[in-house]
């Protein structure tokens, strides 16, 4: 127990995620929080520092057939396939709620997805035009590049740099880049060099789960993305590597389900901590973590949570 | 239930792992089975197709201080640091038992570790000289290269190729390469091109676990290797990628604890299936899986387990 | 957001009874005074089963009865895997949480004509709820209940008790009722004529058959669909159902009750 | 392989009783007729606690008694985390497996002079086993038992019952015995002279103190060490203890009992 500041109320929780000014470090992960409103029955969503919306593209994408999910030990796998109705429909259906959420003090980050540099550009241009109220834009570079035979856009420093370079001048707000969990330090440096304001990581780790009786994938695709507590230790390591490789802030995620998980991410170097899969099974946990992080900071004897970012001693 | 061959007894389980002729596909993972003898109190070790011994180096290595392990959800992390008494002491202490195990029909694979190309060469030369009875040599390229600032020897196709190229001419027996879980298809192809007879994967995935009260790593090093069920789906995917990238056989491992886990690996393309962390908590599972795989093969209606290798339908 | 519905929230529930009702079938009664009155027949709950942290997700389960006056919710469920096995071991007094209400209820309309409810296997659970709704709205109905074998059959008494006209029973092996499928029995009923609506829940292949029979007979049909689910309230996008118009809808938010005509079977 | 020892194997055990003996301390008695007679005081078991597949590893636990004639094994353990909490909830009749015997026993020699056993906290478990061994070999001994506070104290009666001469009790807060540490009490005992051997188990900092006091007093000392462990039988290499000669030894295979002189404190 820290002596200096025994009361959680006295701790300043505000963080600056590359220009996205969050009143506390707790964010939600793209694709795990829809567009926020479905969580209002669980808690006052405006209590969060930010929410990140489901990735959306210029045109609607149907996504993959069912089954889109299966369970793995301490985690799950999904192959939603970035299903979304397109930026225009997203804004039409959710714009009023999301603009209101910004007014209620919770930052809204919209995520752009694409299968090619052109599609990313088209998506961010639509977001810039239709959603001026959003505080930040996140570029999901874990999408397959169709022109390159499905290789991950964010799979190499070169391909990551290419898309960030094309998108950066079109986004007048803070630009976050959501990285795939591969070649982390190299890709992180490439994104920083092209002007990313912050890095979000990790996205799901590609996995495969087979039904040994039917000899088929448990999903409608051969592979899917693993998320949840199973990947947490890997995610903390990647956040730590990224934080060591770049100067821009890190939006840390991967298997965060408790305040300890979130605190680990902060110690490893994350400026914001983002709840993903846990929203599905413990839908009130993101809000709970806000208060628990304050208590932890007080216990650690700091008055500002920023003092704990990257404060691992090793 | 397959009709063709309802009896597990009729199924041929023998597999050829790049020249290591195993009577059944079940192997044990380096560093999780010591040198075999400590498992004789649990079951007749010669029932296994092969065992892979703890990695050893030309000179003794003390390894890392305690604590060397911690638990993570559905898995564990270790930072043993390749502690070993050196090839000569390993052979002196275990040679008689291991040569006897070969005679009892279980293939013995010795593993060589190093921090530089020279150290790998020295280790395999000692193994060639002192342990002629072993059926195969596995090269663990997941070690840090001290000369390259600790970058993984197997972290890039180029550095992996370099060490395999240097070692290959010195090993007159089947040479397996134990890959790190990074850039799998590229590194796999590089190892194959340099003459590896088989690929073993995956090694542990680097992770980080912090005590948020002390702000320190739970291990004596900042990071450690995650193993166990938590990484299984990721491992199956990597085995599937490797099997698609090369023609040489794959020794598949990562979170195998049940026959279903092993069967998944076989369907994904593994010729042999290797039990690691599960040996610690379920020390009889490797032997149990031998019989259970035979029953599965019979149920699948095949008479030879080789028909199921890579037989995933997707 | 559809503001007319109770938003999905987190509710504490207590196990009142949890006992077998047939081979591999259990009935759990939960006490949930702040929830029971919010549930409409056809909706479902996403139930947390504590104990094994390696299974992170909740278990989606329909209910057969939700009694606003007693605050009790009855769920009949099949023990098929580890999660439902652990649920079956929760003793009286165990406390857990459910995410609810999830999804949309069965849709009946005032003055609706005679209906048929069709249940296959554990599809019986929301079908009993549907029968309760029909009874409450004084809509006459008959029932078809199918199971693999007599020992796994449950719900005939419940449906009779709710006022079903006839309850036709089918089993795959003929060990109870007639040997055959629910679809055979339904086809015969509809052939007699006079039905306005069919409600069905069971294996997808059964519901596809029911949908076809209803289309051919010109009778409206609603089905309650299942999908592998993470959240149950529209957050994850994993529960997609392919629609006849080529789009996907979400089983948990747009369903689980769909008009059979709209589904791509 | 040391062929004189029973090799470590897998044994089925059944819970006979499992009950609190002090604040946060439980005693479980296991029935294991094929194992109890193979255990020597100072060895340990690696216990599987079923239920939560997210915790994959077994829990290493010493025993306080192993009775060959009844086939019973007694373990006193502290509830410190999820694994031990789940162990504390295993009712009479639960069946599980243990990996055992693990490690090496306390070493006594025939005709050995008067000894002292020193237990800190839950270190009492192997110390009671040690006292049993001394009693059996008719070696006279005194005891020092320490706990944080009176409510967490256990083992005084057990040690007296085994024939301890004096049992000095210390608690951190003075709520039982004298306020202070076991090391203080031990130093006083040894100052009186006449002791041949000390056996200690407790927090590492306590054992380091015991080792220092013994060295200064010129009395032989054995300690039972703890490490985070995966396997308990030499398969994983994670349980290393730093030795005074600069090498590492394995806590599970070479220990857990070490000569205090050989450990790098």
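We just call them A, B, C and D in the order they show up, numbering each chain from 1.
Just so we're on the same page, contacts are C-beta pairs under 8 Å (C-beta built on N, C-alpha and C of every residue); 3 or more make two chains touch, one makes a residue touch a chain.
From a predicted model like this one, the values you see are computed outputs, not experimental measurements.
**Q** More C-beta pairs touching across which pair, B-D or A-D?
**A** It is B-D, judged by the count of C-beta pairs in contact.
**Q** Hey, which chain ends up farthest from chain D, C-alpha centres compared?
**A** C
**Q** Distance-wise, how many Å sit between the C-alpha centres of chain C and chain D, to the nearest whole number?
**A** 56
**Q** Based only on mean CA positions, could you tell me how far chain B sits from chain D in angstrom?
**A** 36
**Q** With centres defined as the mean C-alpha position, give me the chain B-chain C separation in Å.
**A** Chain centroid spacing, chain B to chain C, equals 48 Å.
**Q** Which positions in chain B are in touch with at least two other chains?
**A** If we look for residues of chain B contacting two or more partner chains, we find 73-75, 229.
**Q** Residues of chain C that touch two or more other chains: which are they?
**A** Chain C, residues with two or more chain partners: 53-55.
**Q** Quick one: label the inter-chain contact graph as line, ring, star, complete or other.
**A** The chain contacts form a complete graph, every chain touching every other.
**Q** Could you please specify the touching residues of chain B with respect to chain C in the complex?
**A** Checking each residue of chain B against chain C gives 73-74, 229.
**Q** Considering the complex alone, what residue numbers of chain A touch chain B?
**A** Where chain A meets chain B, its residues are 72-75, 77, 182-183, 205-210, 212-217, 221-223, 226, 229-234, 236-237, 240, 255, 260, 263-264, 267-268, 296, 299-300, 311-314.
**Q** Which part of chain A faces chain C closely enough to touch in the complex?
**A** 31-34, 37-42, 54, 62-63, 65-71, 73-76, 78, 80, 83, 97, 228-229, 257, 277-281, 283-284
**Q** Where on chain C is chain B touching in the complex?
**A** Per the touch definition, chain C meets chain B at residues 53-54.
**Q** For a test of understanding, state which residues of chain D touch chain C in their complex under the given definition.
**A** 51-55
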